[in-house]
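Note that chain A is present in both complexes that follow, paired respectively with chain B and with chain C.
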Partner chain A sequence: MTQQNNQQAQRKAAMAVLAHAEAGEIAARLRAFALPAHQDLRTPENGLVMLRGRVGGDGAPFNLGEATVSRAAVRLASGEVGFGYTLGRDGEKARLIALCDALVQSRDFSASVERDVIAPLREQLTIRRKQAAAETAATKVDFYTMVRGEG
Partner chain B sequence: MTTIAELPPGFADKVLSAQSTFRSVMDAMARPGSVQRIVPMAGTPGPMMRGVAAIALTLFDHDTPLWLDARMAESSDVVKWLKFHTGAPVIQDSSIASFALIGDGALLPALERFALGTSEYPDRSTTLILQVDRLDAGQSFELRGPGIDGVATLRASIKPADLFERLRVNETLFPRGIDVVLVADDAVVAIPRTTRVVSKGS
Partner chain C sequence: MYVAVKGGERAIENAHRLLANARRGDQSVPEVTLDQISEQLGLAVDRVMSEGSLYDRELAALAIKQARGDLIEAIFLVRAFRATLPRFGASEPVDTGAMRVQRRVSSTFKDIPGGQILGPTFDYTHRLLDPSLADGFVPEAPATAESSTAPTPRVTDILGRDGLIESSPQAEDGASVGDLTREPLNFPADRDLRLQNLARGDEGFLLAMGYSTQRGYGRNHPFAGEIRFGEVEVEFSAEDVGFAVPLGSIELTECQMVNQFKGSATEAPCFTRGYGLAFGQSERKTMSMALVDRALRARELGEEALAPAQDEEFVMSHSDNVQATGFVEHLKLPHYVDFQSELGLLRKLRQEFAEANAPDAMKEAAE
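After this line comes the complex of A and B, so read on.
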């Protein structure tokens, strides 16, 4: 049971990185990787999801609008099935994510895909986020209100 | 673990395969009795024939309730595969099904148990997809009706043997009625509700 939870957490963490990576980056990492035999269980397809929002973050939910998503499913020859969902219409990216998800579940490849693909991508993502945060922080303006006297 | 070890894949090329399969079924419906081929291939779960699998991937979606006969329903592979690839709900009540998959013709229930459509919406009837043994040899049948110039002959070995007698209800029900698609491996023959079939013996 805990093993299953561990794996689920690992897949979640991998998905959080992969969804934000560029398709080209994932492909480049996977190119250096000795991929096992696999096939497309569900070829990449595009669709829409309804985004829901809440007024002020905790008000009544409303439908904000729709966003395009792509999804795919890949099965390794050893039986593991990976699923990939990502915003946008990049079907190839969804397929690569699904492939990585399947690899993460595989006993033989779980460690190596984490080391060679996901960890470097996570590092890149952290750097990019830090950079954006630093650029934003440089232009920070503090507002304050002087208390006006009565009357 | 989300391993679905025995789940066969869908179409390799979704759009073109679905278009080509749709064309085959449409031609079969337009020319009752003619044998059409289904070219694109997908994985086939359990007792499902490849033609039926291709038709399922083409026509079924979350808006088309499905009814499965005992032969299909007993195979969890079929149910899982249909759910994964088509998203169509599998229902127990055959009278509201859009499609019925019949894996073994001997198990075909009385046709009155399927949706026959209404006079306002005759299209809301169940389309039977029936797996048969052969569509190139066997008993001879004479077909007449729209889409046929004079008489068409069909040679087929079909279970249940009295299928076409049972389909006579279409004569009195019109415009309501049941459409049937017969599938043997990759061959498809459609018997729409307007077609009248007479058995000629073997």
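After this line comes the complex of A and C, so read on.
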């Protein structure tokens, strides 16, 4: 059970990185990868997910509006089934995420896909986010109190 | 004579050809690309996504281009498009408290944990036209500063800890979330449906309604407790996967309005609240939405509901600009038969009037 939870956490962490990457970036990382035989279990399909918010930010859920989502599923010859879901309509990206998800679950490829694909993409994402955070931080207000009667 | 009309196919076809040319404009001027619209007219894209009720920047940009910049027409196109795709399900509710904040201001507290962050804003600009933008403007790189990893809790959560503000209503166990794209609207409508309606409602309409409450038509004494804009992660519980799958992130603006307090013999007085949430950077929209959300709670809070902004049937039935434009603009479609019957009736009435008011001599002569 713990092992299953660990794998689930690992899959989710990988998906969280992959969903933020471009299809081209994932494909480029996979090109240097000795891919095992695999096939589409579900060819990419576009659809909608209703996005929900909460009343007051922390209350009962409500429907905010929809988003386009693409999804796919890939099966390795060794049997692992991977799923790919991503915002947007890029079916190829969904397929690549599904392939990575299958690799993450595979005993033979889990370590190498993390090292060669997920980790570098995570680093890129972290750099992008740090840069954005630094630009945002520069717009933080420093208040100072003016003493009455002066000036 | 007025007779039923058929035909005009050729004229329609040619009108659409002419439209395509008018849309393109002078062909010696480079064509605008979807990336250009998405990157450089980002707030128009945000508005089309919000009111089109579909988060997809590229589609919104295409709609704006196709609609020649007519945002309501673009919203109409996006709404029509969403009807062509299957729905996979609903996301987990997003956590705005965990937002990667790009802007966050409070008009109620100067020193909020995480600080006041201005972000990319028109506020404090002088609203003078800038001729340097007309051609080839290259902005200076953004300034940077060390970012803190301190959390930026919602201001309403801070007030909530001391019980100074009402807590958000929680869902009852097993309660379903109302969806006005699936079920016809009935009144009275619950807060989930009202917020969905306002979230896709016309910004101009909500602005006017919100403004009317400030001018005294349903006054509720608002403070902008907090406005925040940034990225939130979206997760979707996919049945086939078996856990909540990360889908990526979206940009949202949230407004927490803090309003006049209320108490009773059994409850200590506390501030009440109104809520606004929309796709993208949509500050005016979410502020207006929060004002109107609070006004629409009049009944629930035992206030006299006399003003238009407090009348949910009025607000919710008129907030949607696709419905509104459909009904207003249908007036320009052929009504020849309707009009002919009115014309017939009017002629008859006028004849009766003329006979009734004719000089007596003429009447006698006629007899």
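Simple rule for what comes next: the second predicted complex is superposed on the first by the 140 of 151 C-alpha atoms of A that agree within 3 Å, B and C clash if a C-alpha of one lies under 4 Å from a C-alpha of the other, contacts with A are read in each partner's own complex, and residues count from 1 in each chain.
In this section, a residue touches a chain if its C-beta (ideal position, glycine included) is under 8 Å from a C-beta of that chain, and two chains touch if they have at least 3 such contacts.
In this text, all values refer to a predicted model and were calculated from it rather than measured experimentally.
Enquirer: Assess the superposed three-chain arrangement around chain A: do chain B and chain C clash, or do they fit?
Expert: fit
Enquirer: After lining up the shared chain so the two structures overlap, which partner does A:147 touch, if you call chain B first and chain C second: first, second, both or neither?
Expert: neither
Enquirer: Could you tell me if A:83 is touching chain B, chain C, both of them or neither one (first, second, both, neither)?
Expert: A:83: touches chain B and chain C.
Enquirer: Name the contact category of A:105: first (chain B only), second (chain C only), both, or neither.
Expert: After superposition on chain A, A:105 lies in contact with chain B alone.
Enquirer: Touching A:55 in the superposition: chain B (first), chain C (second), both, neither?
Expert: second
Enquirer: Between chain B (first) and chain C (second), which, if any, makes contact with A:37: first, second, both or neither?
Expert: So A:37 meets neither chain B nor chain C here.
Enquirer: Going by the contact rule set out at the top, does A:69 touch chain B (first), chain C (second), both, or neither?
Expert: Second partner only.
Enquirer: Comparing chain B against chain C, which has contacts with more of the residues in chain A?
Expert: Looking at chain B versus chain C, the one contacting more residues of chain A is C.
Enquirer: Look at the superposition and give the distance in whole angstrom between the closest pair of CA atoms, one from chain B and one from chain C.
Expert: Once the two complexes are overlaid, chain B and chain C approach no closer than 7 Å between C-alpha atoms.
Enquirer: Which parts of chain A are in contact with chain B and also with chain C?
Expert: Shared contact residues on chain A: 73, 83.
Enquirer: Show me the residue ranges of chain B that touch chain A in the complex, using the header's touch definition.
Expert: 1-5, 7, 9-14, 84-85
Enquirer: State the interface residues of chain C toward chain A in the complex, per the touch definition above.
Expert: Interface residues on the chain C side: 49-50, 53-56, 58-59, 82, 85-94, 96-97, 100-103, 110-111, 115-120, 142-148, 154, 156-157, 167-171, 175, 177-181, 191-193, 195-196, 199-200, 233-234, 236, 238, 240-250, 252, 254, 256, 273, 275, 277-279.
Enquirer: Please name which positions on chain A make contact with chain B in the complex.
Expert: Residue list for chain A touching chain B: 4, 7, 39-43, 45, 73, 75, 79-81, 83, 105.
Enquirer: Please give the residue numbers of chain A that touch chain C in the complex, ascending.
Expert: Those residues of chain A that touch chain C are 8, 11-12, 15-16, 19-20, 46-69, 71, 73, 83, 85-89, 129-141, 143.
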